[in-house]
Structures are given as structure tokens and as C-alpha cells.
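By letter and in written order, the chains are A, B, C and D; residue numbering begins at 1 in each of them.
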Amino acid sequence: MIIVMRSGASAGQVAHVVSRVEGMGYKVHLSQGEERTIIGVVGDDRPIDRSQFEALDGVEKTVPILRPFKLASRDFKAQDTVVSLDGVKVGGEAIVVMAGPCAVESRSQLLETAMAVKEAGATVLRGGAFKPRTSPYSFQGLGEPGLEILAEARALTGLPVVTEVMSPEQVPLVARFADVLQIGARNMQNYALLHAAGESGHPVLLKRGMMSTIEELLMSAEYILSHGNQRIMLCERGIRTFEKYTRNTTDINAIPVIKQMSHLPVVLDPSHGTGKWEYVAAVARAGVAAGCDGLLIEVHPRPDEAMSDGAQSLKPERFAALVAEVRKVAEAVGRH
Amino acid sequence: MIIVMRSGASAGQVAHVVSRVEGMGYKVHLSQGEERTIIGVVGDDRPIDRSQFEALDGVEKTVPILRPFKLASRDFKAQDTVVSLDGVKVGGEAIVVMAGPCAVESRSQLLETAMAVKEAGATVLRGGAFKPRTSPYSFQGLGEPGLEILAEARALTGLPVVTEVMSPEQVPLVARFADVLQIGARNMQNYALLHAAGESGHPVLLKRGMMSTIEELLMSAEYILSHGNQRIMLCERGIRTFEKYTRNTTDINAIPVIKQMSHLPVVLDPSHGTGKWEYVAAVARAGVAAGCDGLLIEVHPRPDEAMSDGAQSLKPERFAALVAEVRKVAEAVGRH
Amino acid sequence: MIIVMRSGASAGQVAHVVSRVEGMGYKVHLSQGEERTIIGVVGDDRPIDRSQFEALDGVEKTVPILRPFKLASRDFKAQDTVVSLDGVKVGGEAIVVMAGPCAVESRSQLLETAMAVKEAGATVLRGGAFKPRTSPYSFQGLGEPGLEILAEARALTGLPVVTEVMSPEQVPLVARFADVLQIGARNMQNYALLHAAGESGHPVLLKRGMMSTIEELLMSAEYILSHGNQRIMLCERGIRTFEKYTRNTTDINAIPVIKQMSHLPVVLDPSHGTGKWEYVAAVARAGVAAGCDGLLIEVHPRPDEAMSDGAQSLKPERFAALVAEVRKVAEAVGRH
Amino acid sequence: MIIVMRSGASAGQVAHVVSRVEGMGYKVHLSQGEERTIIGVVGDDRPIDRSQFEALDGVEKTVPILRPFKLASRDFKAQDTVVSLDGVKVGGEAIVVMAGPCAVESRSQLLETAMAVKEAGATVLRGGAFKPRTSPYSFQGLGEPGLEILAEARALTGLPVVTEVMSPEQVPLVARFADVLQIGARNMQNYALLHAAGESGHPVLLKRGMMSTIEELLMSAEYILSHGNQRIMLCERGIRTFEKYTRNTTDINAIPVIKQMSHLPVVLDPSHGTGKWEYVAAVARAGVAAGCDGLLIEVHPRPDEAMSDGAQSLKPERFAALVAEVRKVAEAVGRH
């Protein structure tokens, strides 16, 4: 951390800041500039609350130097983490395609979709049993019966299953039925849930909050990692901006940025990233070209009957076309 | 809801949409424009997922007409809701000032602050025992011992206490010690927590998510209201924008907007809204001038020793000056 | 500026950066941390493009220490700048109310409005002759005849006139008719226009771009100041965010921030800041409570016939009520 | 347009709105819902200012139905527009790569870069002679001598040249030297400049404002089109969001959205879209995979000596590698 003093800060104010830093066990590096004095804190100062120093007289601002995450960082672990889901490897050479409906609506809907996405080339099945909805009047998911249907589809198709978990006390239940615990965008900073997912040791698909920075996403992963659970896949699913023609803005930059900063695999969700099925294939191709390790795509046999997210769900035949397109792009960038 | 057909949509596509709407029990109002056909859905269509219709062939977009919230709306309840906290009324003529430290750090720190803010004119005490922190390496709050200290401060000063609750299973515990359950910005769409808070019947201070629209805030209130709990105070605490000189951007517009649309009282948190103590008083005055019902302000006897949010915490004497300033503005707008 | 080296940067890379900095005539302050080496640049490094250094091998990032503006800063000029408009002082003790229609539509409309706002207490008249419109099919203003009408209103009422100028070659024309050159939000970074306004020596009302930071606003003022023209009023008019219930989000924080950082006066435009007349009075009161030096308010005798911005225009009687409310708040904060 | 009346609007208020609409020569389509009355305006109502109606008593809001652009729309012109630059076709099957330095700094720098990018596969040369800079203290470009150097490079390499024009009076000068007039992000809504560029008939590269919606970009194109100039290329160059690890957020969604809505070609600028050279290749590949028609890339022989944008400039050898990668992706999506 760098502490920048105000222009005109007194020698006493500088000395007081220095003694505070030293009193915490850090060394100080003092730099007298022409307009500002700067105090460098030497050592791993991540545990210090920078805000304290901003409250001291004569301090203009503080600037962090170290990134706040450790375990999630490439500095800590240089080689790529590969998460294995019953043999399906996320983070290796192959692009993993996870597909299925937004919500499990019925046994027949899910089984039909599961078989269709498998045939089209998906290797993981998605589907929500617990649904976070903006409105209390919207369909909230089937709950535990939905989980049982997912388990049946898993048995039928052999596809590992990813499904959302919404509260800490649901973790054991969901972990019993599913291969991957999905933590949704709205819960990215639900710390009680992150702790529970970390303790479970179960693979986690952690979605970026729609207005969370990449750094905050990595800090949420750090919560899970700090419990010894390294089986984490990060998911870019679009962020909230001022643009109105799409539901969210897919942050394509996030893919190379995360790959550079972290060893964890990155999955792109172009369905939420765009919010309209017409744009899903283009953005899925873009994600693979940019270097993502997997795709998460909403598929519904009859989108116009979907109880949620119909506008962004692909019909199975369109999904099959998307997989074929994505395959070509994957090969063009040396993946498959 | 209005369903806008694409230019060039066929008669068959229009007929199909109409039959789908009618099949759901709604009447249809058809309008043939020069460039677009528009299908109006007559009736309370809030429970329908609009996304379904956007997946139908020939549909360009759908437009909601009704606001999605009901119980939170002034249409539903015209007169202001007043939430009574052990005699302190939030939403009445008087501006309620809630103050205290970001986090309960020790018995002496809290009791000292509690007495100081009471003397300066605060009528509710704030302080966090459970703290949501971006980093797993930061101070996470004292937990239950923190709640006990709050209860002691309450007994000592007579001030009702507001403190954060972070997960559904903490609700009974926190409700036993505190007068108001605070739901933090990161948890505004933690639906399991909203349900639990709703069922508790306890007063709730619901903070707007830093990434949430006013409509989403009202929808989260709707979750609590749908359990029959009307004792809700909404809190504007700044939103995330591109501006970097302040921690958040206080959405001052939200105050008149919420007062117009909803009957629930509105509290402003200028400490988080700005992130710097130098700006807190100016924005507190602005909030009262704009019509808020209360203020939530961070006060710490020694901000430079605060374990969190030191930069935005006021010293007790500065807080006392703020209360005096706010009082004059309150009188200028006919409050006290 | 601070240059942060990557973890693992070689001694040669550090030496190369140091020699580059020294080659530019600056001194270097080297700090070897545990995880990172930091190179401090001593001296006024504002003219250097930091981006160069980020292109050097081994550099992780650069961090500016000095604020990039100089002439606009309180460090440069401690006392408040007061801009005098034919006797009306902006930046002094009195709050200046500038009011009038969005656009000059006709002689009768403008003269009627001018007399009404004067009677209600406005001391400056606003009105657009050149209108920047998103659509080429919208009313673009009356042009020079509009300026003549403004001059007539000025003669009739004695109110100084503020009106927008949209391109460098219009500056002499507009300066001949108006007391203040308004530079609109969309042109805040139209540097050719800023240069022309600077050279004119005429008072300038510089509106913040709807997605510009406060720092960028001050840098645009710096362009004008660098021509020796200090007669600048900064105008906060709302920024673009994700919130949809209002046209823009009034950045109320910007008022105390600018007053702290700069000596220039600040005017608030609650009409654009909210986009709806119902919210204008509340936000106008808030602005005065927060410390602004003036208000810019759209008034139209018949908003439902306005050729632009009808939804955010006040009728004269509502404007008169607003002025009365604002007066009380001004007195509550020691202004008048 | 749809006009939504407030719940409780009186019959008289409805009748008044209806008569106003009819008085403007439009037909009305009235729909009496259970909670709201809706008034549909039949006909091309793009020229009406919707804001007028929002000012009428009893009106809650208005909703546009028609998109505000016409000439830029696929409804108006179904087939793709191809802009020919001295034989180089933008918008056809081939992906056009435009490359060169941010700014022309010297004759030798530009000629060296021009030959390098040509050899690597670029077919258009970029380079700025007039530079819009946030700070008046930064390098502002060489001006006319820079244009002369560009013309020399053009003669030497045969590459058409794109360069920025910053004000209406510069248009004839720049058009004399350059093949394409670039309108920069900060000037996207500089209407005087759009008019001048439209009148010139010269090819235009119109960059999206960092704060502008896709709709606003298309409306700015509409200004140019309304002068009969169809030789427009739209450029996505990243938008401003809350994310801090990159300079801007590349809106990859914008590519399929614009291709669907408009016939104009789309160019992606991954240099500004990311702001860091390490991420440029990944995002360039993504753009091509998503369907863009061209790329605009900053290349500098010695980025660490660049007078601007060094951090996002590629060295020639890295640029050559990028072109090879992009070529493979282009073939994977059926382009070349």
C-alpha cells in the first residue's frame, strides 16, 4: 500500500502515519516528492484496512499495490487448475459445453432436453430447481422434486449435472443430487453461502455478479479457496451497463483478464450475457475465440412455453448448429 | 403488457400470439399500426413471464405496462407507512437519525459511541456484529458477543438498535437482540433471507443493492411484504457508477421517486453513499432537503483505529455538528 | 507517478525503467517490497504519458499521484472564484437561479417565460437557440433568430442570458448575443469548442458529460483556463447509470467534491438530473442543501406544447413555489 | 408510441390526450385495461417529441414502439452496405484489418510502422494527426504536417488511410489527405461535425461514444445518412463501465446486434476496447468470431516510446502473430 499525504501535510502528520504503520509491524519507505509526500508500506499488508489510514489527518488517499486475492492468483499457482466432473475436465484442452433449460419445469421437459443436448454435443447438463426470481409472484422452481428429476436425467444420459444453490442450508441437499453447485450472480457476495460451498468440497460454478468487478469475483473465489476447496469454475455471465438492446453486456475482456490473473477455469454464459437467443451463437463463438474453457447455454424444447428465460433459450436444433460452429472456432484456436 | 410484432410479421404469427394470450385467460386488444402490429394484454398480467412471448415467432419485443410491485405501491396503500421502533417513529414528521460505528469492535468502543451519538441527537443506534466483507482476510465482526454488547448499549442508552443479519438461520438470533434487522446491500436479492425476514415480523431496514434499480428494491420489499410484514424501511446507500472520486454515487433522485411510488419510509446512508467523511454532512443535508425520513450515519470515536470504514466515519463532535445542520434543513422543509 | 513492477521482474527490467525515468529529467525513488518493487517518479510528471511505462517489460501498472488538473485546483487558487454576469454574482453568498425554456420556440413563448421566471425570482434567463438532438428528425432550434429573441428578452427583463454554443465557429455569434456560453454535456470533450470558448474570454457554463467523471470535467475546465479565461461555472446535470426510473442520476456527491477540489462555482441542473418535473423541486432543494452556487431549471408556460423536454419542464407557478422552497433551504445553510 | 395513463386518470384527461394526438394528424387506438388506460398512436410518430405527452395531466409514461432510426435500419435497406476504400471492401466477405500507431509522431515512425503493418497483412493504415486528449498538457498531434506524412505513407505502401477529424472546419483538409474520416468516440454526438462529414460524401469511420447506446450510435449514423452519404463504417471501441482491470469494456454483443438491426459494416477496435496489449489478440479473435467486418488495431514499433496509448499498442511482430490467429478464426466462420 502507498499512503499519499495531502499537499501541505505537516511533518508531524507524516511522522504520525509512519509510527502507526510501524506499530503494526510493517516497514516504511518514505518518499518526499515536490508536491506530495508518499509513504510506502513494505510487507504483505492485505489484512490491514486501508480505510483507517484515510481517516488520519493529512492523508489524501491510499493506493493498494498488491492484488487482494492470493490463493486465486497465478502468482500462487502458475499452472491451470482443471476441475474434473465425473471424467469431464473443465480447464483442459477441450471446451466443455454445459446446456439445458433455465428451470426444471417437469420430468418430461427435462428428460427431453437432456437427451437433445447430449445428442447435440453437450457434456454437462444444467437446470435450475431453486430459482432466484426478482418477483415473489414468479415461478420459484420445483425445489427438491426438481433435484430428483435432475438425478434421473443424469442416470439416463450420463451427463454430470450443475444446478443452483441459494442458501447455506441447501448445500448438503443440492450436493447430494448434483455434481456442481452453481452460485448465482445475485449470491456472488453471499458470504454465508460461499463458506458453506467451500466447506462442502464440492465443485462450484461461481457466477460473476452483474455489477461486480473481476477483482470481486476473484475475492469471492478466495472465500471458497480459503476452505481448501479448489474445484472452482468462474463464470462470466454479462454485467449491467447503460446499454438497453441487450439484457446484459457480455464482458468478453474478462476472459483473457481472468486467464492471465488466475489459474481457475473460466466458463462463459452467452444466454444471460445477451438475453436474446438470436445473439447467443455469435457470442458463444466469441467466447471460445477469446479463450474460455467452457460454455453455459440455455436450451428449451419449446422456448415459448418456458416458465423463465424463454427469450434467451435456444431450441435444440439451433443449439446443435451452435455446437458445430463453436467446434470450428475451437479448432481455429487450438482447442477442441 | 404490450407485445410488439416485428415489421412484416404474418397474420398467422399474430393469430398465434393472440391465441396464446387468450389461452392464459386474458383478453386481447389488437392494434394494427402502419409499421407494426401491437397486441395489448388486458388484465393483471404480472404473473406471466414476458420472456415466453419474446420467444414466439414474429415478436419483436414486449413492454410491461403495470409496475411489477403491488403491496409496496402507493396504488395499494396511499398513506405513508410509519414504522415504530420502541416509540421512535420512522416515516412520520420527525427525521430519525440512526448512528453508530460500522462494526462493534469492543464493549468500550460501542458504549462510548452509543453515549456520544445519543447526546448528539441520534435516536437509533447502529453497529454491525456480523460483517459482510469483500475479503476473507478482513475482520468479519464479533458475531454473537457483538450482539450482546449492542443489547447492553441499548439498555444503557434506551436507543433501539439496528444491526445486520446475513443469513436466514441468523434471523431468530439477531431478532432476539436487535430492534431492526438490517439487510445489507449485497443481500438485497438474497431471497432466502428476505423470506426469513418477512416471516419474522420484525422491523427490517432493507438496503438497496449497489447494483440494483429502484424497481428491484421495491420488488425485494415486496418479498417481505408478501409474508405480511409491513415494518420495512428502505435505505438508499449509493449505487455503483463509473465515478471514482467517491466510493459510491448517492442516488438522491431515489428519494422523491420512492416517496412517490411507495408508502414505505426512506432512509439515506450518506456514509456509504460518499465513502468519505468530508462529504457526509453535505449529502446528509441534501437527503433531508429531498424528503428522506431518516439518516444512517457511521460514527466512530477514533476513525483512524476503526477496523472497517474508517475513512467514512465521523468523529462524535463532527456528528454533533451535522445533527445541528440537519435540524435547520429539516425545519426549512417543514420537518423536525 | 508510481510504477509498480510485476512480481518476478528482473533487476535489469527495473534498471531499464529507472534509466528511462531519469532520462526524462526526473528523480527516482526506488522501493523494494517483499512482493513488488515500486519506482516513484519525483517531480511534476503530469506531462508524461503514463501509458509508455506500462508498455515496458516487467511493469505491472502505473498509479498517478498528482491530480492531472492544475489551474482548476484549490491547490492553485484557494479562494472561491466568483463569476459576475452583469452584476449577478455566481459563486458568492447568494444562490443564483437560472431559468427558462429548453428551447426558444417563438418570440411570444420566450418573452412570456422570461417575464414569468423573473417575477418568480430567477436572476438569469436560459433558453436554447441551437439544440443538440439525438435525432436528425427532431427540432434543432431556431438558430440565429432565436439568439435575437433572447437578446430582446434580455433587454426587456434585464436578465443576463445563458445559451448553448455547439461549434467553434458559432462562438463569436453566440458571444455577441449572450452573456454566458453554455457548453452542453455532449460537447464537454469537444476540444476545438473548449479552445474557442477559452479564447473568447466570455463566461462559460460547462456542463458535465453524462458519462464523464468529475476529474474529466475539471480537465475540460483546464482547457478553458489554459487560455486565461477564468470565468467558468461548472454544471452537474446528472450522469448515466443503470437506473431507469429517472432520465439521469443526479450526482449530488459531485457538489461537495468539486467545492473541495476546485475554486470554480458549481451549478446544479435538476431538470436534466431527474428528467421529470415531479422530482425537480426535491432535487433542487437537495442541491442547495449540499452547497451548490446556482440552479439551472427548465420552465415552460405550457410544457405539454414544448418542442423538447416537456416532461421535465415546470410551469411558472410551480417554479415560483420551488423558488420559495429553495429560499428557505438556502437560509438554513447560511446562504440566500 | 404508446401513451400509458395513470391509474385513476379521468375520462376528461384521456379525452384531452386523444384530441392532442388527433390534432397532430395521427389516428388513435384506445385500450381500456383493468388498471390502466393505454392510448396507441398510429402512424410514423418519430418526429413527435414524446416528452410533450408526458407533461400532460394524467399521463404516467410514454413508450416508443418504432425504432428512431430509419435510413440506418435493415427495414430500410436489407442487404449489407459495402464501403469501398480504393479497392479495399469493408462489409464484404473479407475481414479488413486497419492498423497503425495511435498518433503520427514523426515521418520515420509512421513510415516504419506502415511498412510493418502492410507486411503483416493490414490493408488499411491508421494514424492520428489531430488527437483529442483529456489533458491540455498532453501531446495534441502534429496537425497538418501529420496529414502530409500519412499521405506519404499512403503513396509508399498503397494502403488507404484513416485518420481522425475533430471539428467541422477540418473536414475539407482531412478529406484532402485521407481516405476515411474518423469521428472519434468523444465526438459521436458532435452534430456540427456529423453534418459536415455527411456533406463531404467521404467515407466515415464512426466510433461509438464510450457513453453511448447502440441506438444512439445508429442515430448519429442517421445524421450522416440524412445528407446522402452512405459510406459509413460503425466502430465498437468499448464502453465505460464500473470494471477497472481494463480501460473500457468491449461490448461484444454490439456486433451481432448491429448486424441484425443495420446494413452498415461494423469494425471492432480491441486496442481501445481493452486498453492493454496483452488482451488485444484475444478480443480481436472474439470480434471476428462474433461477425465483425474489420478490426482497428494500434501498432507501434516501440510502444514504450509512444506519445500516447503505448500500453495498448502492439509491436509489429505481435501484430503479425495476431493477424495469423485472426485469419484462422475468420476461416472458421466462413470469412477470410
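Throughout what follows, a contact is a pair of C-beta atoms (placed from the backbone, for glycine too) under 8 Å apart; a residue touches a chain by one contact, two chains touch by 3 or more.
Here the structure is a predicted model, which means the values were calculated and not measured.
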{"item": "Maximum centroid distance from chain B, chain identifier (CA atoms)", "value": "D"}
{"item": "Pair joined by the larger number of C-beta contacts - C-D, B-D", "value": "C-D"}
{"item": "Separation of chain B from chain C, taking each centre as the mean of its C-alpha atoms, in whole Å", "value": "30"}
{"item": "Whole-Å separation of chain centres (CA-atom averages), chain C against chain D", "value": "26"}
{"item": "Whole-Å gap separating chain B and chain D, where each centre is the average of the chain's CA atoms", "value": "38"}
{"item": "Touching two or more other chains - residues of chain A", "value": "211, 240-242"}
{"item": "Complex contacts: residues of chain D adjacent to chain C", "value": "20, 46-47, 49-56, 68, 132-139, 166-170, 186-187, 189-193, 210-211, 216, 219, 222-223, 226, 240, 276-277, 303-313"}
{"item": "In the complex with chain C, residue positions of chain B that touch it", "value": "211, 213-215, 239, 241-246, 249-257, 260-261, 273-274, 278-279, 282-283, 285-291, 325, 328-329, 331-333"}
{"item": "Contact footprint of chain A on chain C as seen in their complex", "value": "2, 4, 7, 29, 31-36, 38, 40, 42-44, 63, 65-66, 75, 211, 240-242"}
